[in-house]
Structures are given as structure tokens and as C-alpha cells.
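In what follows, subunit A forms one complex with subunit B and a second complex with subunit C.
== the complex of A and B ==
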């Protein structure tokens, strides 16, 4: 099999996050320990049980996308995706061209889609002002007469926009496993290069659920922190007093490149994307087993897949959502795998500062791992003040830790039970 | 791919308007009787399009017994879970797993993958908010405060796109690699391709690939109509007077195993996965290239991936959705790859509609059944072949496949094209 010997370099990255509208701004905010969480400003959320979130700020889609035809199909999360992907492509300094366009692939972790709230409101006024849905009124409904509403919410629209924008003509896929989407998309992109399907892959994730319906969905589940008075403290992964996650939004994209091709053109290699683990928890739709069953298999596979021994791991960017169940199960899983070695691994959840970016989280956190390796600095796990005896690991506290990282892992676990773990290796340590 | 393990097919499941298992769908297709019928889920008699491939006897409890799931799942998910159950039963998994000791059972579960292709957002899920919107009368403060009293707390979980993946895992205790593809009409096809590649790479020993979709809902139907994609009465792939597609609903599943796993448990072999290809046209959400280049490239990649030549293909199951543009560019793509004398071509959407996310995988299941029967079924709605496709060997009458290899084509929004290649095992020797 050709795949076994082909390795994958990360040569470009781009971010739009609650901490900044590009990778450098986001990274600097992480190092400064600045929180991106505050009162929701996109709509009046004051009546919701949770009315704080990590919003992308000062983002102008018209600056990010100069193609008017594309803009017509673009909702908020697509605009994040186009901007982050553009940054990643420019950062990598390579672009699909005649002859190489079919050797480029694209895999994205896409947001859950629905009509915009204003559109739903119009359909409601026309088809169900009394609260009942009157199907025949759809025939004269203005929103239903506009196919662009439909086009903007197709699960593959974000992918279609990226393919067109960059002229990618090879393998193209859009995946969704809730909060594991971004991680699984990046892992899937790595495999495309390994098995010879592509030489370059644009891989990432995008999401924006800070809408009345998205917020309602998570509020109803009781998954969100209700610490509305102290937004910057609300996301505190692994703290004994943690009480839910904080909804975020944004996009993260990576340019993945076949290692030898990247070396030949003298590309800057942030890190080797060295392995992927992918498992199902099959316990509950919303939780993994407290024993860590599910995440354990994903982390084991990610290490085996990278050929990395347990003692090579220096850093774990945890899923760390700040929900009671996730954080406990994740720590148990890390302990189960690394045993006494676990306390020698630095761990942080960057969701403590930027909230939970849902389908984008895994891709954004993959980019953060690449930056941590590149710069030799680990971002902090903010807001961890009261240690939880069940979450007893070496968390990065106080300030960023200056530390060279040889191997890093990034965890992403989703509703539905999908788990993704990615392995990153310092390019100085990559064999060959 | 000489040093890759062979990937074998050991279980099938299918449901659509034409039947509740692969053999009944096959018999319905062979009979030449389309299962397209007037929509019953709402009164569609005054609608611009009032027919579809609807499962008229839909009964959630008959599809999935587990009562706990009935408040948590939607129509599309019952279809997906049902075909996965049927494919597992067909493959004889439960009996085999029960024969293992505890450690081997755990290994079996960890080494079984689940790959699902699923459809898009359902508008009906959002109408659930109508009573709350009425109560709020435009005041978001009221909307937020009354939320918990008005809307089912499980609303978000009911609408998770990856519900079938998660619930297959829970119902069958499976913990292996997985993916949930949401890529319009290539979703199920790519779920098969990803499952097979995971087995080739040694990530798992067996996997189930599922595609499911239930797009026949009022608002979706109107959008497809307004985009000019729907016919009024029938899907006529490659016909001179074809006028569009019709929506259908259903699901299909394939159980794939490495040769070692399948022969190790003496499984009945139905066929072999040979290869897959995927290519984008990069022209936006709705455009289709006239020259068929994206599809032709996907077919070329699949042939190379399978290590076979175009001349080895015995039957082509075209996407054949019956729209003017897609069929024309598909005929062009087939000519580009296969030259003037392609193998027999057929298409299935005339019989049960366009199942979108489930279409490619259902058609792959039927391709295996067809090849095992040694028959390329006719396109019964075809009256007059489009003169532009003069040498395309598609017919209303059955044809004989040139070999036991089938090529299945899928095309979706976003200009993505996917191709699968399977070899069928002879039906009597399986």
C-alpha cells in the first residue's frame, strides 16, 4: 500500500475565533490569557437561561470574500470558513493550479444547519401565526419562494464554496459528528494524503450556533454554564466547580501536504500530522462512559497510528468542555492510557478562553497544537482555581508554559459518541 | 492495491418505496412498475409536484422495536437504523459475536466501524418552535424565558445529523472508527468508500456503511421544484423528453469485512469492494460542467484504485437523476471513459425516486443483486433515448452484463462526483 510511507506536513493554517479574526491574533490572545467570552451581542439573549457566549467580533464577511456570487450562498459560519481557509492557503503559499488541481482534496467539518431565525420568523408569521403549522400556506410563503434560503443551509454548501473559491478538483467531503467534526475532518484529510488520494488537502471546520435556535437547543439540554454574571470565568475546564460549557463560534483550517513535496519546495512545516484515532463511545448520546471507554480507544489508536510511544507525549490539548461529565471521563481516559506517566504530560483546554466552537473546535485546536509546537509555548487552561481530585493532571496554569513539545495530542469528543484524537509531531523529530 | 486486504461484502439491507429488503426492491424494479405514487404525508394534491417515492406503509414501530427511541428519532433515522439491523442480521453478526469469549467480543466491538451518509436539515424540525414564536410575539426576551416550558428538552438531540451513527453504535455496542458524511447525494456513496478505506488501512476488520434520507417534506419539495429539478410525474433517465427528478425516501446498508475476518467466520460472501473515486467540479453549489469532466475523473480514479481497466466493467449504474443537464453530462462522461462501446448502462431512480443521501448506496446494493442475478434491469420509463446519447447502451429492456463488475455513479450538490466499483459473487456459490 502506497499510504504507509507517505507522511503529512501541516504547512498552512488559518483561524477565525472569538479571540481574533486570524491565527496570529488568536494565538497572542491565548498567550495573554484573554477571554473571548462575554454577553451575547448578536441578538437579545437576555431572557435565555444562558446569555453569554464566545462570539467572533468585528468580522466583516465583505472583507473576507470579494466574490459577490459566493456571498449570496454564504451564511455566517460559511464566511468564517472562507476567511480562515483563505488565510491557511496564503500561509502555506501554495494554490491549486492546472495539473495539480485534481491532486488537491478538501474535507470539512460542517455546522448543523437550519433556516436563519429571521427566516423562520417569516415562515411562522405566514404559515403558523396561531402556533400551528398550516402546510398549504407554504405555497404562498415568501421564504419558501426563495431557493437561496435552501441553498444556504445545505450541509455541503460550505464545502461547495471552498471548492469553488480555491479551484479544488479532487476528493471533496463534508462530515458532521457534532463536536468531533473538526477533528475527524482533519484526520480524514491526513488519510487522503497517506493513501495517495491527494497530495494536498484543505481541511478544517466551521460553526456558528450562537443563534436563538442554537442557544435554545443547548439551554434546553442543560449543557451550558449559567454563570452569566462572570462570563470570563464561566468556562473552567477541570475545575471542581465547573458547571457547563460556553458556546463559541468560528472556523479553523489547515493546509496538509505530502511531506516530501513540502520539503522539496522548502515549505515551512509547523508540525507533522502524524496520526489519528477515531472511535465510538456507544454509551449515551451526550456522554462517554465515566471509565473513559471510547476516548481511550481513540487516544490509543492515535499514538499507535503515529508510531509514538507513550513517553513521547509532552502536551495534550484536551477536549475539556467544562461539563462535569466530559472532563471527568477525559481525565480518567488519560490516566488509563498513560498510567504514572500521565502527570508528566502538560494538559490544557483552550475552551477555557474561547468557548466551545462545536463543529469547528477540533480543527481550531489542531491549529493551536501546530502553533504550540512551532513556538515552543503551551497555552494555559484558564480559570482552573479549585482542583478536582478526579481531574488530577499537570494542567498549564498561571501563564503559558515555555516548553518544547515533541509530540502533542488533540482530543475532540462529540454528541453521538464519536471521538477523535489527532497526533502532532515536532518537525525536528519527524523521522527522515 | 496488491498488498491491501481484499474487502468483501457480507450483508445487505435496503428500504424504499419499492420494498423493505433488497430482493423485494429488485423484484419491483424487474417488474417495470415504478413505486412513485401520490404523496400521503400531507395533502399535496394542489402542489406543483404531488408525487414522490414515499414509503406508504411507513411504521416506525415495525422498523425499530426499541420504544425508548421513538420519541428521540425522526423518520429518516428509523430508516437508517432499520437497514443497519437488517444488514447485520444478513451478515450473521449477532450469532458470531455471541459465540466469542468476553475479550474477543470487546475486540470485535472495537474493531467494527460505522460509516453513515445522511441528508440535510429538515424544515419540520424548526416548526417545533412555532408555538413558542406565537407566545413570544416577536419579543426574544419572552422567547428565551418561555423556552423550557414550551419546547421538548431533547429537541437538539432529536435533530443531530449524526443520530443514526450514534444509535447504531449504542444498539450494537460498536466502538470502532466512524464517520458521518453530509455531502448531499454522494453521502452514502462516500460512507461506503470511507468504510472500505478504513478496512484497507487496518483501522478495523469490519464495518457497516449506511445511507439514509427522508427528504419528502413540504418545504424541501417546494425548493427542489423552484430550482427546476423536479419532473411532474415520472423520472425518465436519458429520455429525450426527461424533465427532472422526483424525491424518494429510504435507506440502504452494506456490511464490509476484510477477507481474513470474513473467511475466519465462514461468512457468506456476496461480493467484493474493488475501489472508489471522488472528484469535484469546483463550480459552486448548483452548477454542473457540461463536459462531464469531474465525473469522468472520478471514474478514472475508481478504476485506478481498483486496479482494473474500463473494459473490465460489466455494468454501469448511472446516477441518472432525469434532469436535462445531469444526464447529458453523465452520458458525456461515460463516453469519455468507455469510448464508443460502453458496457450496459442502467439507472434506478425511475423506480423509487431520488433518495439523495441514500441514493448511491441503495443503488450499489441493487447493483450487487442485479449482477448476482446476471441481469442489467431496464429503465422502464425510457420511451425514446435522447438522440444526443445515441450510442449509450441504456434500454427499457433488460440487458446482460459483460462481466461481474459493476460501476455505480453518484453526483451531488457542490459538483461532487463519486464512483464505486464492486465485483459480485455468483448467487449460487455464495
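== the complex of A and C ==
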């Protein structure tokens, strides 16, 4: 199998996002320009500097996942992952079966935090006023002694649950590169198929950091928008008045399939996953390099990897977090690569409506690129009213843009300096 | 000395709550948790589920159930070396198991039996008996008849 250039088709999509609990609802909300951002309802966040977020709404894991046993091992983000993955599998119409299960792989961008506030609170309860740690009490506590808690907080639990649920037996990996995780997971899945390790890969990401600790952490970093009075306007990537991102949660999954096999079975191919690029900024832990260094290399690689010339790119789903620094640096990077052609590329950040899904973001936005190619419509960059001279690209404004896309890129840049870029190609343009 | 025999009434008194607890742990309907269903073959229990079941029963009944309690009680005063050899239950060990797990049909105690396979014998009734014994320990402690460390702990925990 090696030596032959194997190509990768996207044949299934599944989403659980602040805009809807499936791919169709999410996509329709994006096209309608509906915001998924509002007051935090999961816990009382009124005392936090930022108390808005993009929550998943009305999600009932017991209705979404027909396996009660598995649900006892899940935290909030795992349940999103199981539901989105299930939708992607059904959408693709293919499932690991006897004989094929060892040809299936699974790569996931896993949530940044496993431990939840209640559990940490219990641990804290056993630290006496003297600062001593009372182990014997910890081990008999009603929460910390619960074997399920230990199972749920493992960084690999989400992956393990997916493998068990779908009977995947080929290859698995879990990516932890913060906000780049989802994009890198999808890109890694592509490489598994290309090199012949797998014929099908369930690839995606999941996260939920809308917890007291997650929220406090991002508040302390000064990374969140504090526009609590106008939640729907708070996330405004590339706007001159942008002042931080809005925390989101959810999951996105794609079924990746070896191109010829997908064609043979007459599968619906949303897009070709045509390339990926990864780079490391090795600059600062939370800052992006002002020159765009890092993202530049990732985008260059993604194009080269896909064999796509610069002028083939029609759309970029930007990382576009709505922080002053990211958006400026990302625009600088896009300009550095595309030069004068940059202004001919449509750009939007769907975080403007659904917030930042952290480890899930790259996978959710990969699914959005596939839908944009499939439907010939580009979702808007909402809330961009006051142009920033440092972010002068062709943003999709006002309403979705009906436009056939030949090649699209999706950027995801992570805390710690990991940069991921994925290349998608319209199946009509895919060679062969 | 408390009676070692456990009556059907005692079992049926705790059974509804045991069944619900097991259904929650195993992700099945409570109707499936009939008294004599083998938990592994019948309800797809895996090793982590037994830890989970014990933990949930402790919470539900406010008792303390040391891990490994069933096998330990079955072994009784028999030294470990006489109960098992090289991972297999000895003949005398198997006899102890048969007596202790009297709710399990005799034909399921097949020799040779691996120690690791003992949980295959367990049924909801096995755990009802565990709970009844744990409740008796708490009652005995409350009545001041028994002052064992285990029972004191159970009370403090509850």
C-alpha cells in the first residue's frame, strides 16, 4: 500500500456546538448568523469578570447516546464527543465491522482539562488548616474514592470511550496541543490513511472548559472578552474594537476515508482532505509572534502538502479568536504568504458566532470548511463593524457568501505555540 | 454472636435498592437485575464495575465494604495457601466457595477454577448478602455488641 499516493475523502460529519446539537442545525445557525453566546448557565458565574460563554444547549446525553453503561465514564465533553462521533459515523454510512475494525483508526484533540471543579474541591477539603494532606480521609471520601471519578479524569478517557463505542481496533492517538488539537487530530488522521496504516479514521476534537477553573484561568490570562452586557457582540474577530475571545464548548468529528474505497462504495464526499501543515512557534507560551512566524510555516506546509498553488485558495476559515494579538498576527501571516493576492481570498472566523471551542475548535472548523465546499456557501465573520487597518482582508460580512470554493484552508493555533493548518479541496477538482 | 445464616426475608429487604444500584452501575434496566443472574455472563459486568458496585452500595446503604470482602469471607479461617495454588482455587477452597455462595447453583463451581474467575459466580443475591452482613455489622456496633474497627469506621462514614 505504501508508495502509492493514497488520497483522503471526508465522508461523514458530526457536530455538537453552541449553535446546535448536530451538523445541520449548526450549519443553518451559521448561515442565519445566529449567535450561540449568552450568560453562563452551567454554574453561577456572576462573580467572574467574564460571565458569558457559548454553551451547548439542551443536550441530553441519554438521548444522544444509546449506551448507558458508557455514560457513567463520561464527563461533559466526552458526551459531546460520543454524540458528534456517532452522527459522523451515521452520516458516512460506514462502521467498523468484523474484518474491517483493525483498518479503522481514531485520532482526537482532547479537552485541555480533565479534572472538574467539584473533584478538586473535594481534594482541597482534605488539606487541613495546617496544610497537611489527609490521605486516609481522601481515600474514603464520597467523591474522591469513587472509582468512576478516576476513570473520568484521565486525559485518554474520551479516546478510550470512542474506541469502545465504535469497536475501532486499528490505531489511536490523542492530541494535546490546546487550541491546535482538533486541527492536528484531523491532519494526523489524514496521514494515517495516506501512509496505509488505516483505511478509515474517525478524527475530531472535544472540549468543555466552561467550568469555574477553566473560566478563572482564562480570566486571569486576560484572554476573554468582558463584554458581558452584549454577549452576541462580544466575539468580533478582526474588528478594531475586539477585546478577547469567548469561551465555547462542544465537539466535532469527521469520518476520513481512503479516496478510492469511498468512490467504490458510492459514498458522498464532502471534500478531499488534501493537506496539512504543522509548525511550532517556539516563541512565548501564550503570545503569538507579531510577524506571523509559526502560522506562516503551517500554512505554507499545508499548501505544499496538498500540491495547491497560492492562487487556488478561495476561502480561509481563520483561527480568528477575537483577541487583539491573534487576529493581527494571523492577518500578517496571511498577507506574508499570499501577498497582493491575499485580498482575493474570502476569510471568516466562525468563532464570531460560536465562540472558541478550544481543543474542539480545529475539528469543528474543519467540518465547517467541508460544508462550505459542499454547499458552495461561506459562513460570515459576524460582528465586524469597525475595520482594523492591520486586519485588511476580504472578510465575509453582512451575510453568507454564495461562492464555489475550490480550495479552503482552516487555521488553528494553540497555547504553547503549536500551529495547525488544514487544506480542503472541492471533490470536483480532486485529480483522478 | 450474630447468626451466619441469611434469611430470604433479609435478602428481599435489601434487594430492591441493590437492584437499582446495580442497574445504575451496569447501565441496564432494573428488571434485568434478577436475583440469580450471573453478573458477568448475564449483565456484561467488567472488573471496574465490581469496584463501582461496591462503592455505590456503600453509599446507598451507608455501610463499609472492604474490597475483596466476598472471597475473604468465603475463605474464612482457611489459610490463603490452602485456598488457592498457582492461581487456581483448591478443592477445599472450592468447597468453601460453594458454602459461602450458597445462592449459586452447584454446577457452576467447576474444577479447576481460576481465582480470577471467581467473580463469574457472583449474582445480585451475592451482593445482597454482602449488604446484609455489612448492615448487621453496623447494627451490632450501634448496639454495642461488637466494637470492631470496621464497624466503627462504617458508622463514622455514614
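Note that the second predicted complex is superposed on the first by the 413 of 432 C-alpha atoms of A that agree within 3 Å, B and C clash if a C-alpha of one lies under 4 Å from a C-alpha of the other, contacts with A are read in each partner's own complex, and residues count from 1 in each chain.
Going forward, a contact is a pair of C-beta atoms (placed from the backbone, for glycine too) under 8 Å apart; a residue touches a chain by one contact, two chains touch by 3 or more.
Everything numeric in this text was worked out from a predicted model, so none of it was measured.
Q: Subunit A superposed: clash or fit between subunit B and subunit C?
A: Fit.
Q: Where does A:295 make contact in the superposed view: on subunit B (first), on subunit C (second), on both, or on neither?
A: neither
Q: Pick one for A:275: touches subunit B only (first), subunit C only (second), both, or neither.
A: A:275: touches no partner chain.
Q: Report, please, how wide the angle is at the C-alpha centre of subunit A between subunit B and subunit C, in steps of 10 degrees.
A: 60
Q: Which partner does A:362 contact after superposing on A: first (subunit B), second (subunit C), both, neither?
A: In the superposed model, A:362 contacts neither subunit B nor subunit C.
Q: Go through the superposed model and pick first if A:248 touches only subunit B, second if only subunit C, both, or neither.
A: So A:248 meets neither subunit B nor subunit C here.
Q: Classify the contacts of A:140 with the two partner chains as first (subunit B alone), second (subunit C alone), both, or neither.
A: The second partner, subunit C, only.
Q: Tell me which partner A:151 touches in the superposition: subunit B (first), subunit C (second), both or neither.
A: Both partners, subunit B and subunit C.
Q: With both complexes superposed on chain A, which partner does A:213 reach: first (subunit B), second (subunit C), both or neither?
A: first
Q: Contacts for A:71 in the overlay, against subunit B (first) and subunit C (second): which applies, first, second, both or neither?
A: Once the two structures are laid over each other on A, A:71 reaches subunit C alone.
Q: Would you mind checking which one, subunit B or subunit C, touches more residues on subunit A?
A: After superposition, B is the partner touching more of subunit A.
Q: Look across subunit B and subunit C in the superposition and give the shortest C-alpha distance you find, in Å.
A: Minimum C-alpha separation, subunit B to subunit C: 7 Å.
Q: Can you list the residues of subunit A that touch subunit B in one structure and subunit C in the other?
A: Touching subunit B and subunit C on subunit A: residues 69-70, 145, 147, 151.
Q: Enumerate the contact residues on subunit A facing subunit B in the complex.
A: 1, 3, 43-49, 51, 69-70, 73, 101-102, 106, 110, 112-115, 120-121, 123-124, 128-133, 135-136, 138-139, 144-145, 147, 149-151, 153-157, 159-161, 163-164, 166-178, 184, 188, 191, 194-195, 197, 212-213, 216-222, 278-286, 293-294, 297, 301, 414-418
Q: For subunit B, which residues are in contact with subunit A within the complex?
A: Listed in rising order, the residues are 1, 3-4, 42-43, 46-47, 109-110, 114, 118, 120-121, 123-127, 129-131, 133-135, 138, 140-145, 147-148, 151-157, 159-163, 165-167, 169-170, 172-184, 190, 194, 197, 200-201, 203, 218-220, 222-223, 226-227, 278-286, 294, 297, 301, 412-416.
Q: Per the contact definition, I'd like the list of subunit C residues that touch subunit A in the complex.
A: Spelled out, the residues of subunit C in touch with subunit A are 24-28, 44, 48, 51-52, 55, 59, 153, 157.
Q: Considering the complex alone, what residue numbers of subunit A touch subunit C?
A: 67-72, 140, 142, 145-148, 151
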